[in-house]
């Protein structure tokens, strides 16, 4: 359904063609300074129309806080936020109405709900993610104040252009340790922090744009300064919650944490993260981080990093030989210009969902921390 | 925490060195014939000691149903099941007590709970999965009776030996369409349905065993005959729940559905699953299945298939230069013989978690189905 | 927190002095005709300013549907609704700022959140209930379409004026069987369906108004045409969910179902509801209904009826010798005119929460109904 | 369903005629000394056969801890507990099999599940409460260690014999302030701390026993030393959770907190709890406690007290003119001796459910407490 989280919890609403999209964020700690300025930057990073590579629709996406703050401070009560849907343009979609768009959610929504929204996939629309991003910005601010947590996502792969993500690769580890959003955004809309790769990725996208086609990519995300102890075995392991969060993002097709899929062919003797005592941290740390900062479902204080693949954009201008809802063969071609690669725009969504998972996990763990201090 | 699911819900308990492990399954439909014979086969498939390739410990793992059935039929009330822990052998672990085992959960459990169970990682033990497998067997029986759902997992990768999992590969699709548990088990404990690959995988494992080392692998799972409409946008998308379930399994490091990570470099024109009307099914179907049976978070009636990587076994007999809990450098080497590859044993766990997700989703969707028939 | 329900779920937001109050309703069945006209009547019944007996503040409380409908039909997606806060008037409360108002939530909110909203009790404000009433109106429409469920609350007690609520009283049973909202509202704002009692209740209220004092009362609610089988043992018994719902309403102090508190001194031989076969209903019914329509936590098809006491209004114009937040003795007197009895305004809130509980229970039970038809 | 609580959570299983009844308790703080000796006393207080006034069946009800502790300390992992069903005696019920017992759950279970357990009401059996009591004992120990919380329930009413429960009554307040379980149990099985009343209650019960009849009663419960701030507005108000918990107990028919139903006719000027600064507590306290220790859904540090009515026992030896499942009129009379008043046995169940609610609320609030200290 449309609620995520236990102690820090977001509930979202809205589709493409209704009055507004937004969310209610419950469990926000009181006494935190909060205004639209804390939320708008990530919403702006999320919205289309930021470069020639992306769709020209110019959504404004100004957030409006409805409740839960007074004199610029959170009250501890639910924070409702809304963003008006200004550019409905339902007419754009009129010709395609007879067809469920291939690899969209039109057909499955029709099967599930028995009613066809004019926007086709209803809540499968990317606009649904606005509420997530707004909520995530609050979670992120809390995490920053509570523990200095830093969350940075970047594009690590577009089509066949890919960054080396081997955990043993020193450059990759350096990126994980030092990447910032400023560095990510400095590369323009492609949002890959490696200049050479970024240039190739732009070429890759232009290639598919030229063919009225689209291409997918991979987002990698790192979280630094995560306290130890987050995650609740056995079903709410931290990586399980992150995977849940990531696979709930439209167009995502997977998740891998730490060494991930490629790590399966690294033998245990090399894959195991050996311990040493770190004088600065005043606790055990690991020499390598194939675990990706999580062991047994619980954060170990190392960087959490993971990757999420996003499939090629399903809306393309090429003709597609497909069928109508009522089973007739036909040809469908989307009108207008379409974004050939949305992966870069997924960054703030990945960051938001990460923040939501971690804020919730931190709140839960602080309760566990308390409890063990009073028992005997 | 230790509860999973909403309408069909399992709560598990138990670690390596307590009296028993088990679960309570709530929301089991009434009137279903059920006995230990329905549950034991998957528990037996899960347990160690089935071949020379696996650990020699001979756990018996007989399930004992405590409640929820009468005269061999379910009552609709919670079904509690337990499996006694017969072979505790806590002495085996005594020498290693000063060390958190690398890439185990010993350190993180210690950080989270502030207490060290003699079994180290407590609930991170593989024995924790017994309750899941028992619960999953009930879910699976229900799914079979309700919709003929078939769930089959198999090993698709061990170390560097891997099956072609390209969705466009005809042999792979044939495997997805026809694989059965009988075929999987016919290949012995390696559980890869391709005889040539299976032989190579055995060699791969023997190679690492010879080096007192271990190796990881990938489990692929297919679900056939899934009704359309399962999954609840936007946070309980079916793939999100499956990812959550899979990443909650010990040693799993990722999840990909349909075309997954590799699919990101397939352009939209090729990646999109075009529709056609299927006379037999009397509904739309897709010509390809890069989506993996789920679109917009909702099942579309095609095969659901996904893959889960399992890291190399962390317990190895080689010496590891690591540190003790209190920060002293030292050398740790696990005594005894250890399983160099647990991936094949993960199959029934993957199947169980899949069944739990789908049984819950089916129960929820049937309620949605009802509701739309009475509204106007 | 601010979310209620599982399959049919409301999340509310808003306090007295923010931009708006409202809610997101998730799990609303698709294909149901829905407009503001379905929701406004109960909001209007809830709002103050309806008679000389109630507070003169004239809140407009127009509901604005943000999402989840198209062409007047529900889509199955979340329905967000908002009501603007037009009359903030924070200045009204300025003098009392140093004092936690006695028997309000000012002190406890301050203890819990460590921050003082200008409205004092924040979410304890009666305005918080607007979201509930809006959501309840949707739930009620669904229940009506699904099973002809009728929910009617009425005032059965104001101060020392009370209706005979003995389940064996024929007049009371007649009221339960025949009461409608039209009959309730025909009695004016007092909303007691018995004209003589209503007149006495008005006098009772006027008496306390004359003394700048306030008085409490009891709301009784009946639900007719409830399908059998609703409620989920053992913790989600239908009466437990109703009690939870009722005690979550501001100022409520209790709950009793069926014979309730008074029934404890009726011996079992008289209290037991004996069965007979009803030809019209084609099922067993009970000759008496001391159970209040629920047995073992599950609805039995008889009328569900229960009562909820609401304490005297805490805001009074009399001087109160109390203390400031920082512990100084002092005298507090609320300015302006205040509603001496809010019990009648609680009716739509009681009805809304009842509808939310039942809509959720019905959706859940229909899933259980399905499941038992496919097992063998 | 069969799970209760969020951070401190119990899941129960079992009915009258299965192998065992029990529970899994999740979220138990680690490092707490725990053995069966902590749990058995309340189980023993709960079981029948303790006096001539109660049923002669001699259930042993020895608890067996399965998991979650090592060397007598909790590990932070789930604690499973079981109690064997020794005395099934299904034959006792054989003659009544054609009849749904009046005011039992036989009929509604049959309607809900479509299957008739030999025990009739299945989970509506009082044996179901064993898991609750066992879990509650753990919650209670934690609350004691964390904050010195004391929970004591007592019988305040049997039939027409009732204790004055007026919050302004000094004797009642004295009882709330000083009652202990030792004092309660000193009065024998009747468990009313007032000797004169206790004697009258025994007579009342004997009266109904002599008539092969039964009678109900009221349990009052007080909780002392509750920290301020517990409870989560707006739907998880502390009184809402307590009401939910109490109405989930078999045979309970209501709930009232603080002044409750009777308080509705006390005018606000008298009912309001005025504040004063308490030097010992170093915080505001209230001079009266009509609120029952909760304001706006949040604990204010005063005693929490509430009452719960339990209906007359439905199983009586008298003949009852009722109907069979298939609609035939007939006469039913329970064989054997039956407990004419179970209210006294409900005490440990009320205490257990109270402890479960408060342990969960405390864990949640400690997380909130933490959060507000780090925000700015």
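Read from first to last, the chains carry the letters A, B, C and D; within each, the first residue is number 1.
Basically, contacts are C-beta pairs under 8 Å (C-beta built on N, C-alpha and C of every residue); 3 or more make two chains touch, one makes a residue touch a chain.
Predicted model, so just to flag it, every value in this text is computed and none were measured.
Colleague: Note the shortest touch-path length, in steps, from chain A to chain C.
Modeller: Contact-graph shortest path, chain A to chain C, evaluates to 1.
Colleague: State the chain with the largest centre-to-centre distance from chain D, centres being mean CA positions.
Modeller: A
Colleague: Could you figure out which pair among A-B, A-D or A-C mirrors the B-C interface, over half of its contact pairs being identical by residue number?
Modeller: A-D
Colleague: Using CA atom averages as chain centres, what separation in Å is found between chain A and chain D?
Modeller: Roughly 45 Å, centre to centre.
Colleague: Taking the mean of the C-alpha atoms as each chain's centre, how many Å separate chain C from chain D?
Modeller: Each chain reduced to its C-alpha mean, chain C and chain D end up 25 Å apart.
Colleague: Averaged over CA atoms, how far is the centre of chain B from the centre of chain D? Could you give it in whole Å?
Modeller: From the centre of chain B to the centre of chain D is 39 Å.
Colleague: Out of chain B, which residues touch more than one other chain, so two or more?
Modeller: Residue numbers touching two or more other chains: 1-3, 12, 30-31, 74, 76-77, 109, 112-115, 122-123, 233, 368, 372.
Colleague: Which residues of chain A touch chain B once you look at their complex with the stated criterion?
Modeller: Answer in residue numbers: 1-4, 12, 99-100, 102-105, 107-109, 111-115, 121-124, 128, 157, 159-160, 208, 211, 213-218, 228-229, 231-237, 239-248, 250, 253-261, 263-269, 271-277, 283-284, 286, 290-292, 294-301, 307, 309-316, 318, 320-323, 325, 327-329, 343, 365, 368, 372.
Colleague: For the complex, give me every residue of chain A touching chain C.
Modeller: Its residues touching chain C are 1-3, 9, 11-15, 17-24, 26-27, 30-31, 64-70, 73-80, 82, 109, 112-115, 117-118, 122-123.
Colleague: With touch defined as at the start, can you tell me which chain B residues reach chain C in the complex?
Modeller: 6-7, 29-33, 74, 76-77, 142, 145-147, 233, 363-364, 366-372, 374-376
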